[in-house]
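Let me begin by presenting the structure, written as structure tokens, before commenting on it.
Naming follows writing order (A, B, C, D, E and F), and every chain is counted from residue 1.
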Amino acid sequence: MVELPHFDSDGHARMVDVGAKPITHRVAVASGIVKMQPRTLKLIQDRQIQKGDVLELARIAGVMATKRTSDLIPLCHPLRIDSVDIEFQIEDDQTIKIVASVSANERTGVEMEAMTAVTAAGLTIYDMCKSVDRAMQISDVRLDEKSGGKSGQFRRNGLQS
Amino acid sequence: MVELPHFDSDGHARMVDVGAKPITHRVAVASGIVKMQPRTLKLIQDRQIQKGDVLELARIAGVMATKRTSDLIPLCHPLRIDSVDIEFQIEDDQTIKIVASVSANERTGVEMEAMTAVTAAGLTIYDMCKSVDRAMQISDVRLDEKSGGKSGQFRRNGLQS
Amino acid sequence: MVELPHFDSDGHARMVDVGAKPITHRVAVASGIVKMQPRTLKLIQDRQIQKGDVLELARIAGVMATKRTSDLIPLCHPLRIDSVDIEFQIEDDQTIKIVASVSANERTGVEMEAMTAVTAAGLTIYDMCKSVDRAMQISDVRLDEKSGGKSGQFRRNGLQS
Amino acid sequence: MVELPHFDSDGHARMVDVGAKPITHRVAVASGIVKMQPRTLKLIQDRQIQKGDVLELARIAGVMATKRTSDLIPLCHPLRIDSVDIEFQIEDDQTIKIVASVSANERTGVEMEAMTAVTAAGLTIYDMCKSVDRAMQISDVRLDEKSGGKSGQFRRNGLQS
Amino acid sequence: MVELPHFDSDGHARMVDVGAKPITHRVAVASGIVKMQPRTLKLIQDRQIQKGDVLELARIAGVMATKRTSDLIPLCHPLRIDSVDIEFQIEDDQTIKIVASVSANERTGVEMEAMTAVTAAGLTIYDMCKSVDRAMQISDVRLDEKSGGKSGQFRRNGLQS
Amino acid sequence: MVELPHFDSDGHARMVDVGAKPITHRVAVASGIVKMQPRTLKLIQDRQIQKGDVLELARIAGVMATKRTSDLIPLCHPLRIDSVDIEFQIEDDQTIKIVASVSANERTGVEMEAMTAVTAAGLTIYDMCKSVDRAMQISDVRLDEKSGGKSGQFRRNGLQS
């Protein structure tokens, strides 16, 4: 059977031993989108200019959640993150794209940290706007790129799609 | 301007005062999907029968994250959760649906707790399988139903879609 | 000897039993100031208008820390906070005043939550501006008012000082 | 405009990238004072000799909070602390001075860790004694010294004041 | 098969729904022992009188861990604890007994909180003394009594053994 | 007096300075047992085969608690753990042995991490089965082996007893 490294040969969950791996510079970029009604997106944009910036608050939530990744994902290693950067892009009149970039000098990658940053930012946008648009959705949360480590460079096919 | 209750009239973020609201029984159901390659889904299913159950581990992660919701979402109230239930449904040969139901007797709803449960479970599935399928995606994270509180019953249109 | 309730008659620390106290509406207001160079304060004010709002970030940090009070203060009871509101006032050209108001329906007061909110907001202002003004100071962190509970109303003498 | 490194050129908050900085030995010393009524200070001193040591409890709280700094301060890097030492000095009959020294071998400094240690210890003194002296104040929380890193040595002017 | 309530009928873990249970006054008492060399125990006792009180520090650790119980035990409900009291008894020249009493007004019991308090206090004694006695053991961690709730009073047989 | 390194010469608790110690590969193995009624153990074993695996859940709890060790044990250093492995052995018809192995490349050992893993797994077994066997006990929690660091190799006498 194809092995999943988080399980040993008896199928028991474990935190994989990364002790023998070299410390290298790791980068991961993940993204996701939040779909909403156009008037909700307009409200977020208007507020950014005026007062009550939903996206800045979501950004902070994403950065802080990144630091809690190993508390949330059972078999994740606790890491010292070197940087977290979260950007928002207006894709169309009902879509905000969240892009999180995380880096660390570590023995294992920071994919889960980048994915966690995206979801926490997305959940916070939902929380801030749910009173006006309960049907918002978080979608397409995925890893776009990673580098560093033995498995080397990963770049998602059709990254712009 | 349409008001977002998490901001006061000056646009300052705050934890909304729920002190005057009655304690009522609150329920929220949220869901999301994880898209993967058919061979990844088959691996998860094979392991469930044999050894190393990815979904049971994701379930635990989801329950535990539910209890951390107010640590992750900046303006969420800390709540005493009464129940958390997370189910997985195989939608098709490349899709696992996650459904989280949360309840509490509280002054405010548990939507964010249910949404957080879904995303933490989804992130854990990703983490467990990322070595074989880095392109997995978490999508359609949304609120399906809520009840309790002044805003009453919410049920998403086209819930079965 | 005057008794401190957090110690029993043998001088052993304990979490005081509040189980027999009635649930009442508790409010606490605490404040503190951050002293800095006038050019630092001007920088904060300029950025508020333009980009990179130090105070909004400090506000979020204060709200989130309020929820962690019982993790930080050893003998504090874990509480369900109903509201947190943090305001900033420019006192003079080198002083920002932080005022935090917290409320809960609980068996014990929320003074420590309000004090914790003020210090976390102050520490965050320090962190954001320390590269330009390492000598900033946080001072006069104190309880201004409390109400609810057996000890009743407290209002600091010379509150405006 | 003078730049604050925690914001990028668009004014967006981020965790600053420290990945290219060398690991050096970092030390920071911060201090603050707690002002109280002379009889409160006498009570603390009497108890230290007899039973129920307020300051030892505040010390533990300070050490433990130091480890939570990156959970509390939104843009702080998570660090591996090498040492934390917290001392108390009786300044006069109504003033306890708290001095926290923190060190780490890291890519970024430990100023916030030392400042957080001081405030958590101060808040705990307040919590322990608030039933007898609600008007206590925490003041003059500041960085006294730092060393290590590119910005080099910092020593507060008039450190003894 | 005998049912374990933390699993549903499909064997899936869940946080049991306690929402329909009445809020009652819950008490639980748990205990455990730490076995060590007589000279280690003597060292602890000498230090209690003189300086560096291992047991007071273990007590604080126990109280603080009680508040984290639902973070540690996956299916535990988050509760508002009303009181925590931890006592130490010297059983013989190589045995310290730890007794933790916890109470809450809640829909579910506080057994796990009391058990967690005992183990955290025991682990802290171990940590404090491990440099002089690495072979210390924590044993007999168990529930002694509980009251409140539908299952009513429990009192361990041979409680004094 | 024999010194305990967690106290300074004045008897004040501190986080010991490990900054000058070299980073070495650290391993610790700890174990403990859970005593229960034979029918409880049989229930756990039956469920492992069928549905609702108590031990897998306890394993996850143990791994996750390992990452929280420095939050629980006041003077423990925060560490980057490289691996956690938790195994269960059926000792006899009423005894499950828990063995936790932890490793890290750090300046200080991982004994407390291994001990914490064992107790969290034990507490979770208790929590899962307490409705059918309230008298279960956790015993013999101890360090079996450690290696790495100046104090070198430790191996418990009579390890198999």
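Basically, contacts are C-beta pairs under 8 Å (C-beta built on N, C-alpha and C of every residue); 3 or more make two chains touch, one makes a residue touch a chain.
Only a predicted model underlies this, so the values are computations on that prediction, with no experimental measurement involved.
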Mutual neighbours - chains that touch chain E and chain F alike: B, D
Chain located farthest away, centre of chain D as origin (C-alpha): B
Chain separated most widely from chain F, comparing mean CA positions: C
Winner on C-beta contact pairs when D-F is weighed against B-F: D-F
When chain A is superposed on chain F by its C-alpha atoms, the rotation angle in degrees, nearest 5: 120
Between chain A and chain B, centroid-to-centroid distance (C-alpha), Å: 16
Between chain C and chain A, distance of the C-alpha-averaged centres to the nearest whole Å: 31
Mean-CA-position distance for chain F and chain C (Å): 37
Per-residue overlap in chain D, given as positions that touch at least 2 other chains: 12-13, 53, 56-57, 60, 64, 68, 71, 74-75, 79-80
Chain contact topology (line, ring, star, complete or other): other
Interchain contacts (touch definition) - all pairs: A-B, A-C, A-D, A-F, B-C, B-E, B-F, C-D, C-E, D-E, D-F, E-F
Sites on chain A touched by chain C in the complex: 53, 56-57, 60, 64
Parts of chain B lying in touch with chain C, wherever the complex brings them together: 8, 12-19, 70-71, 74-75, 77-80, 106-107
Chain D residues within the chain F interface of the complex: 25, 56, 59-60, 63-64, 66-68, 79-87, 103-105
Chain E residues within the chain F interface of the complex: 1-2, 4-7, 10-13, 32, 39, 43, 46-47, 50-54, 57, 60-61, 64-65, 68, 71-76, 111-112, 115-116, 119-120, 122-124, 126-132, 134-143, 146, 154, 156-157
